[in-house]
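Reading through the structure tokens given below for one structure.
A, B, C and D are the chain letters, set down in written order, and residue numbers restart from 1 in every chain.
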């Protein structure tokens, strides 16, 4: 199904900002809020996972239900998960399309990746403090 | 120890009434701050990167400041088009050094503005900015509009310090006398307390502003029955409310700057406010995110003439967002080295940009292990401004405030580290 | 610091009554001394015109409003771009140039001391940050009190000492220099989109009139014994018929100070308009100049308009909105809570435009009609009338009737019936120009005592050597040589160090910020006054403890302590 | 005279090159010009193989031909005052900006700000043009003031922004906000576009396809004859901006 993909700040994402290697930030930014009707149509339940494919790529997200989200749109907080989907086109303005991007959404059993996995997928190298 | 009237280094509200209690090197209590600020202040002495780190092939290793600074300077000096990005969560003094360094190197310097309120600046450059300081809104505004933003979550004290819940000198019962209109594509906590909630279809803000402008100037006749999901009836009602107000204040967020049309949405908002000023008093203020992103615009402007996205390749400042902005440069693979200061593109840039960051020598100056850490080749930890470093910051309305240091954890400040990198560069460029 | 000797200088130094003598000037440790030894660096002035460093007593170069002018004008930055070279930073901009551009261009014209005309106390830190990035001039900031709530309340209550206590504390707190009133009362009214029309209107809510504010602040200024007088931008700027309001305002000022004027009225060109609308618009420079000539306690500056593009910026918010409605170009406004306002719009002054041509004439008329050059300073209210780089042309216009006539022939043909300029024969001489561009400005600002505006023993060694041989030039016919000569010094010396030569910037300097610290009796310290503290913390959006500008914002500075009479 | 510049292979082909000296009237003099590759200044022949054929008495007899990967070559033809530039492949940003006379023809695609602030002459793109085709510069009130721009493919967003004079023809589709703020000149769009002519105060824009997200503050003026002889809906606006521009669209949809 095609959805309009929207991102934005949330206080959970905001509080996680200062400790992005912690689990709270990962939880806060990998959640995809959808209208309950859309969940039913996708035949999934809150807490299950979807694959979202947009102009920037594909990412697996955990789903949450929210009546505040209009049908046909999904909301993902600003962060590395949202950015795996958003493209780098700025229309000559310097600003990517963080709002109102079209994405294809389908249910999946794949796990939600960790942030380190996302960063390694683009060529980075995870830094693991506990090993040091 | 109790520290009073402390400055919160989180969002553009730059609250300056915090009471912070410390015991040794630990923050034990924060009063007056919102959850976001409290969380940052309570946790910031933890989670710090202990020392500089560098990548050797597939391994991370610890490094000395000396070695890391040497490496950073070398990488920047070797580059044909270095990008110096970030600058929002640091003090003005470091931002100024960054500009001088970009100038001497012949690099591009950009701040997080470009993925935040850069479009607002582009709009202001077309039509100007009818604004004011936040105290002016607090004392006078009897109508407040929040458009495409969610202050309850992103700027939690905005409403209590400056708008809905604040006392106002000219308002007898400020809470009752102030009307609130919220415009957004979805319901949020902020919409639930509004006198009027206007639900706009995604991408429809521009059309709604145009319609309101026509209505305010008495040309409702041309406006169709619904505009981007909003009934003409509601638009006419809102137009009347806006004209009847004695002092109106429009605040807007990245919901406008990131939506299709980008800066044209803001331009239309400004022109609506200009139009309203023919009838009564109106002001407009972008809700700036990082506590000192506005400072980066101020410093860049007096030094280079431009608020962000400045290209010094030819030793002359050149500015053209869309061309000289970080996302475009990275996505087009146009830079060959990158210095990131006090920001986290790993968390906020599209994937294509991150791929390029990993392919070029990228140096990160940041106190914490962030999402960007895995993408760089070297990270240098520094003190956090407003905690163990001090310096100047500019509030979202342009009021400059001295952000205060209240503890020392032994880290150098951004200003010191960048100053040392700059010294190395000067040794080569100005022998 | 090493010694410097400027030999064979043709010196005009009005304060020391030197009018064209060949002299040597000796400099040690940044000050002018009797003599220096053999080892001194020598500059041979070769008989060229040598003046004290230029002083601009009203310009807008640093601070929130100026920077916003830059911020909103990338198109302005396309002019005047120069690459980084040596010690010189890259620069951009024409009417709202970068701080470095302002500093370099002023230095090349021989200016060494600048007064920023309008600093909102709440945003003072910003002005001081930009001062630090203005390397080649000493700077000071007039501080805005036109809509200050505490001051208006005290004046309304007839408590001048309380008003003085507030002003004194504020100046010390924000490291300001003098009292600036911009459209007094009008900026507060603008908080609700209103204005005051002249000096007898009452300010809404505060029930005090502009006249009462001006008169009260003059007394405050003298109580605090400030070096500079009240610095006033009159009400009603830019409106046809406003001269009557201006004359009325000038007549408010008593003569209270033997060392200097009691009232400095700025950019008076913008306030000397006759007519009742734009169609009947005409010059009323004569009655305004007549008032000045009869009142030695008044000093004015021209606020000359020159043709071309520029940016207008002032704390006068309502005036800028009126301009916006005329031009429909971009408009910025920035009200500052409890204090003042401001507005910015770009303008283009055109010779083909009748109103603009009349404005151009009025500024020159004022300078020629005011008999005593110590009472009329040469300014453009940079950048409002024109960018300061136009000063050399203005000097030439004042020195040459022939040049004025040649220019007058190019302006709107109907101008002649609206102005008196063509009838004015006066041509200013070199000495008068020296008064109007440095000596008079330093005297009006009250800074001759700290060594500004003259070349006597002990003065700051701020010296400008112009490539002009006074004996060999007839300014009334060779005006182009005058323009070229004042546009670029042979040498500009700042605090004893050559900072520019033939238009080349030689050093990255460090300025001195001059500020005033009135010493007030502890029992009158307003920061301990419960009513004031309560007002402050309740209605300002910053805490009182975070308001004062910390010492670290002033790298090099000169504190002028005064013995206040309260 | 034919001057053929063939781009040499580069170590890093993504670093942009600024080459405002590539203008027929400059090159015909044989003056030594330099280009900037990032922050490094290079002689023209370090970056291009330069071949000159024939001679020219006037600039009109000069043709400059660009070959190789010129997709990151910026500011070609800046302030051009005559002659001809032919780009065999793609061209980078700001091609033909401030041009006064002559012809530029790009056989491939053109990147952003193609023919920005054009004053005169003809600028043609056979492929697609990027964003801000025939537009203005940040903060400047007037964009293109004269001359002719023709794009045979599609154009990106903000095409002909601030258009003040001259003629812009896009045979394909335009992106979002075509003709926004235009106050003079003509813009013709052969295909579809979205939100054309917001804030327009003057000039004429014709859309032969569909205008999606039509701005709601244009006043309908009924049907008229389009340039292709078929009926077309006429609007005037933008009423929100007290505008008196003319917008002609074959089909349109509001965002209801």
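Criterion: contacts are C-beta pairs under 8 Å (C-beta built on N, C-alpha and C of every residue); 3 or more make two chains touch, one makes a residue touch a chain.
This one's a predicted model, so the numbers in the text were calculated from it and none came from an experiment.
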Taking the mean of all protein C-alpha atoms as the centre, the chain whose own C-alpha mean lies closest is B
Considering A-D alongside A-B, which chain pair is linked by more C-beta pairs in contact? A-B
Using mean C-alpha positions as chain centres, tell me how far subunit A is from subunit B in Å, no decimals. 22
Centroid of subunit A to centroid of subunit D, CA atoms only: how many Å? 38
At what distance in angstrom does the C-alpha mean of subunit D lie from that of subunit C? 45
In whole angstrom, how far does the Cα centroid of subunit B sit from the Cα centroid of subunit D? 33
For subunit D, residues contacting two or more additional chains: 112-113, 131-132, 137-139, 176
Going by the contact rule already set, what residues in subunit B reach two or more other chains? 122, 125-126, 203, 260, 312, 314, 319, 321-323
Note the residues in subunit C that touch 2 or more other chains, in rising order. 72-74, 76
Between which chains is there touch? A-B, A-D, B-C, B-D, C-D
What residues on subunit A touch subunit D, complex-wise? 91-92
Of subunit B, residues touching subunit D in the complex: 79-81, 105-107, 122, 125-126, 201, 203-204, 206-207, 209-211, 213-214, 217, 219, 222-224, 226-229, 260-261, 264, 267-268, 271, 312-314, 319-323, 332-334, 336
Touching residues on subunit C, where the partner in the complex is subunit D: 72-76, 78, 329
Under the touch definition given earlier, write down the residues of subunit D that touch subunit B in their complex. 12, 14-16, 18, 36-40, 72, 93, 112-113, 131-132, 137-139, 176-177, 180-181, 195, 198-199, 213, 215-219, 237-242, 254-256
In their complex, what parts of subunit B are in touch with subunit A? 10, 35-36, 39-40, 43-44, 46-47, 53, 55, 58, 60, 62, 114-115, 118-119, 122, 150, 152-154, 156, 185-188, 202-203, 253-255, 257-260, 262-263, 289, 309, 321-323, 325-328, 330-331, 344, 346-355, 358-359, 368-371, 373-375
